[in-house]
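What follows is a single structure, and I will ask about it in a moment.
Order of writing sets the chain letters: A, B, C and D. Residues in each chain are counted from 1.
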C-alpha cells in the first residue's frame, strides 16, 4: 500500500493554487493539510473557490506559516509571487532535507546566479541553493527527479518552448536561430484584476508583449543552449492555454514524417505528450496535463506547434507530475481524468 | 460487488454523446460497448473528440444498429434529433423489458399525447408508451426511478425551470403567474454549425428567441401545473451553461431566509443541488452536474436564480444520474470529480 | 449657419468619456475644448485612447477645473463617479444659467430628495436643484428638453426599462406587476479593473447581481409609476450592450400586431427607436444610438424585448442626443454613422 | 465639385460586402446602385444586415447581373468566392475600359500565371489579363494606381505581411529567412457557418492551420522576393483582426529607434499606417482602415509587429482606399470616422 503524503501549499488561493487543490483532491496518495494564503486566511476554500462547494468543505485557508509545513507535511508546493519563494525556501531546506519542495515561481529555475541576475535584474538571495534544485520538466529530467526533494517547476511559456525544441536539440539538429511565438490565455496573469486582463480590454483583443525580452527566455536559453531564440509572447482573448510555434530552417530538407517519428521516439515514455499529424488545438488540452505537438516541414523549413494548458502542464499539473516522480509514484497519478468538450 | 453494466449510445458523436462518454469512462460500473453515430461511423472516438486522445483509444463509432444493443447492452442512452427516438424506442421496448432506456430527446417526456401534439405539431408516433416513461428528474422523481427501465431525461431549460419552482409548487406557494427567463450557451445548439452559432454572429451577441413559445414550456407546464409560466429563453455568448431566473409576487411578504430554508429542506437529499446565499454563477457549475440555486425576496416579490451546465445537469450528467438510480447505484456514481476554474 | 458650441467634459478618460469624445469629434457643431480627468491629467488623448491615434492628436487631458468650463464652454458633460457631480454642479449652476449641463451620473435623476435618500442611503447634497433638472430621456421628454440647460441623463438599465414600458404606461395598459430582466456587457462596469470584470472570471460566465435591489430601480419607478417592477440585472460575457425584457400579463388577450402598432405610434417621431418583428440582437445596435424593440404576446401574456448599447443609447450617445435637443439642433446630429458588422 | 461615382457590388451580402456598403454609404462621392447577391437576391439590405436598419432602407440585393454594371456603374467591387471573379472579369473588361474594377478575390493578384497554377493548383482562366491588374496595396503601389481601372485588392494576411516587411525589403535589409506568424479573427472565414467557426469550437480555442502552405504565401513571395518566408497562420478566438509578427535576424546589430525611423520614413505619406513605440493591439484598429506597426530589436534580432482589421485594411477598406486613388480622390475619402472603444 502506498503511503499517504501530507501536502502544504503556500499561495494556495490563486489560480495555480486552485488547480493544485484540484489535483491533490483527486489524488489517491496526496492529502491537503495546510493551505496558506495571506489574502484569504480564515476563509473556507469554497468561499474563495465556489466551484469547490461541497468538494472541500472541511478545508480553509490559513495565515502563511512554516511551522505546520515543517511539522506536518511531506510535500510543499509554493505558488507565490516572484521573489517570495527565495525568502522562504532556505528555511524549509535548512530544517527538512526530506521535505519535497516544489517551487512554482522562477526563483530556483536557473542554475546560474549570473543568469538570474541578468534576467531578473537583482542578485539571487540564496545562490547556494541553486545547484540543489532540479528544473522539474519531467519529459527532460524524469530520471533526475526520482527521490529528489528540491524541484523548480518550469514557467508556462518555457515548458511549451522547451517541449517543442528539446527532441531536435538532443539530436543536435537545431539551427543557430529559432523563432518561438506563443499566445497565452488571460489566466496566465493570475487571479488579481489588472488592465491587461480587464474584460472590456482583453475580449476581442490580441497583442504581443515584451517582444524578445520576456523573462522566461532565460530558462529557455538554459535548456536549449547553443541556439538563439527569438521569443515573442502574445496575450490572446481566451482564459486558458498556451499555443506555441517554433519556426526555423534546417540545413537540409527533411520530411514531416521523419521529424514526427523523431518526436514520437523522444517522447515515447512521456504519457502527457501526444504527437499529432494535424495542428494541435487549445480546446483539446484545456484543464488537462497534456501537451499536444505536431511537426510540419516544407523543404528545409520547419514549424513545430504545441498546445498546453498554462495552469496545468504549464503550472499545477506539471508540478504534481514532478512531485509524483520525486515520491516514486507513477507520474500520471491524480492527473488522469476525462476532460470535457466543448 | 456491483456488477458492470454494459452501455450502448445512439447518437454518440454529438456534444451530449461526448459528455455521456466522459461520465461513462470515469464510471466504475458502466462500460461503453456500442457507440452508434450515423455521421461518424467508422471513425475512432479520438478522431471526432480529440480531447479524448489517449483516453478512449480502443473505441470507435459504428453504424447505428439495434442488434448489439439488444444483444449486449444493459443500458442504452439515446441522444438523437427530435423525433428519431420514437421510431426506435418501440423496437427496443418490445424486445427487452430489462434494458434501461434513457432517452435524452423530447419524445417521451410528456405523459399526454395531446400535450405532445400541441407542443410539437404532430401526432405522437407511439402514444401507448408514454405512460411507461418516467420524467427522469431525480430531484423530483427519485423514488419512482428506482429499478425502472424507461427514462425520459428532461430538457435543459426545463430542468432549470422546474428545479427553481418545484419546492414552492410542492408547498402550494406558487402564484398564478411566474416569469421564467433563461440564457443558454451555444453548445445547447449542438455540434452542427448553424447561423445562430456562427462565431462572428454569436460572440458579443445576446438575444431572445421563441419568446413565450419555446417547446420546453410543455414539460415545464406538465411539472409545474396550475401556474402560468411566461418563458423567455435567450442565446448568450458563452459555450456552456444555463442561467435561469424565476420572478413573481407572492400573496404576502416572505423573507429570503424563510424561502432559502424551504429550498434547503426540499433538496436536503439531493447531492447535486447547492442552495447559496448569493447569486449563482455559470462559472461555478460548468462541466459539473450541480445546479446552484439562490432565493431573494423584497416584500412579496421573489426571484429564484439557478445555474447549471446545459450539457451536464441539463443533459448527459442528469441522464447518468437517473440511470444510476434506476440501476440501484448511488446517484453520484461517475459524476464526482473536481472541476477546474477559471 | 449653426453656431459651434464649445464643450467641456469632466471625467473624460473613462469609457463614457471616450464615447462622448467619439460623438463630439464627428459632430458638426460641437467642439471639445476641455477634457478633465484626474487620473490622466497631462496625457495626450491618444495615449489613453489608442484607437484615437491620428484623430485627436491636438487634445490632452487636463486636471479637472471649473474655470475653463465656466469661462469657455457652452456645454458641459459630467461623467463622474456617483456623488461627485452633486459637489460640482451647484457651482456650475450658480455662475452660469446658460451653460448646458448634462450630468451622466445618478445625482440629479430623481426629482424627489426622499426617493434619492432611499435609493442611495444618504441625504441629497443639493436637493434644491433637483427640480431644475430634466430627466433627459428624449423619447419621453423631448419637448421639455428644448432650450433647457439642466439635463440628467438616465442610467443605462433605466433607459432600457423605461423605453420598453413607456408606451404601455402612457396608454394605461400596464398591469400591477412587471418583471424586467436585463443583461449587461462588461463595459458597464467602467474602465477600472475589478473582480467582476477580470477576464478569466467574466469570460464564459453569466450571473445575476443585486436582484430586486439595483439602484436604477428608483429611476424606473419614478418614470413608470403605479406598477411594481421586479428588476433583475445580470452580468453577461460580452463587452457592450444591454438586453432587456419586460414580461407580464395583461388583463385581456392582445395581439402582437396590436401592441407593435402601439409602439410604432408612440415612437413614430423617435429616430433612434426601431420596432422590429423579431427579437432584437445586441450585435445590431452596438456602437450606435439605436434601441431596437419588439413585442410578443401569447394570449394575455406579453414580452417586450429591447437591445441597446450601454455606452451609447445608455450613456454618451443619449447624452449628446439630449444636448442636441437642448441646443435646438436635430437630435441625430453627430450620431449618424454607419455601424460595422460583425 | 467632385462627381458622384456609381458603384456596383457583386457578392454584396457577405461580410466584405457589408463593409463595402458601410464605406460607400458614408462616402461623399460613391453611390451604391447595384448590389448583386445570389443567396440574398430580392431581400432588402436591412433584412440581411439588421445593423443597417434605417440606414439603407431603399436598397435591396438583386440577382447577379452584368448589365446594370456595364450600363450604369463607374466602379465595380467583386467580393466573390475564389475562382468566380475570373469568369466574370473578362466580360467586364471587354466591354468597359473605363470601368474601375476592384477584385477582392485572389484571381488577379499574381502577375505570373505559373505562380497562380502553383498556388491554386489549376490553370488561370484568363492569363492574358494578369498583366493589366495592379496589386492594389496603396502603401506600395500608390502611384501606379492613379487613374487605373484594373485593381486586385490584396489578401488580408498578405496585406499584413507585406506592410511589415516592405520598408526593409525596399532598403535591401531583409535577411534570407523571415518567420511570419499571424492570428486572424473568425470573420475572416466569411459569413457562412463552418466547423472552424462554430462558436462552441472557436470560443476559447487557438490553433494554427496550413502551416507553411497557406495560399497567401504566393502573394507575399511575389511582393517580398528574395526572402524565404515561413508563414504560419492561426485561428484566434476573436471576431475581427489580424495580428502579424515578422521575426528574423539581421546581419548586424540595429536599434529599435533606427528601424522605427526607417518605417516612419517609408510610411510618411501613408495616412493609414501608424508607427508605434509599443506593441500594437487589435482593439485599437478594429472597424478602421489603420494598420498599426511597431519594431523591436535586441542585438541583431528583430521583431516587427502589426495589427489591422481583416475586413477593412485587409478587405473592404483597402479596396475603397485603392478605388479612391484610382478615381483621383484623396485616399482617405469615406474611410475617415471615429472608431468606438472598447
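Going forward, a contact is a pair of C-beta atoms (placed from the backbone, for glycine too) under 8 Å apart; a residue touches a chain by one contact, two chains touch by 3 or more.
All values derive from a computational prediction rather than experimental measurement.
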Most distant chain from chain D by Cα centroid: B
Contact-richer chain pair [B-C vs B-D]: B-C
Chain centre separation in whole Å, for chain C relative to chain B (CA means): 40
Chain centre separation (chain A, chain B; CA means) in Å: 37
Distance from chain D to chain B - Cα centre to Cα centre, in angstrom: 46
Interface hub residues of chain D, defined as touching at least two other chains: 15, 187, 200, 203-204, 237-240, 281, 283, 286, 342
Chain A - residues contacting chain B, complex: 15, 18-19, 21-22, 25-26, 49-55, 187, 203-204, 239-240, 271, 274, 276, 281, 283-288, 290, 292, 311, 337-342
Residues on chain C engaged by chain B in the complex (per definition of touch): 177, 179, 181, 183, 200-201, 203-209, 211-213, 228, 230, 232, 234, 236-241, 243, 245, 247-249, 279-283, 286, 296-298, 301, 303, 305, 307, 342
Residue ranges of chain A touching chain C (in the complex, touch as defined): 15, 185-187, 191-195, 197-200, 202-204, 237-239
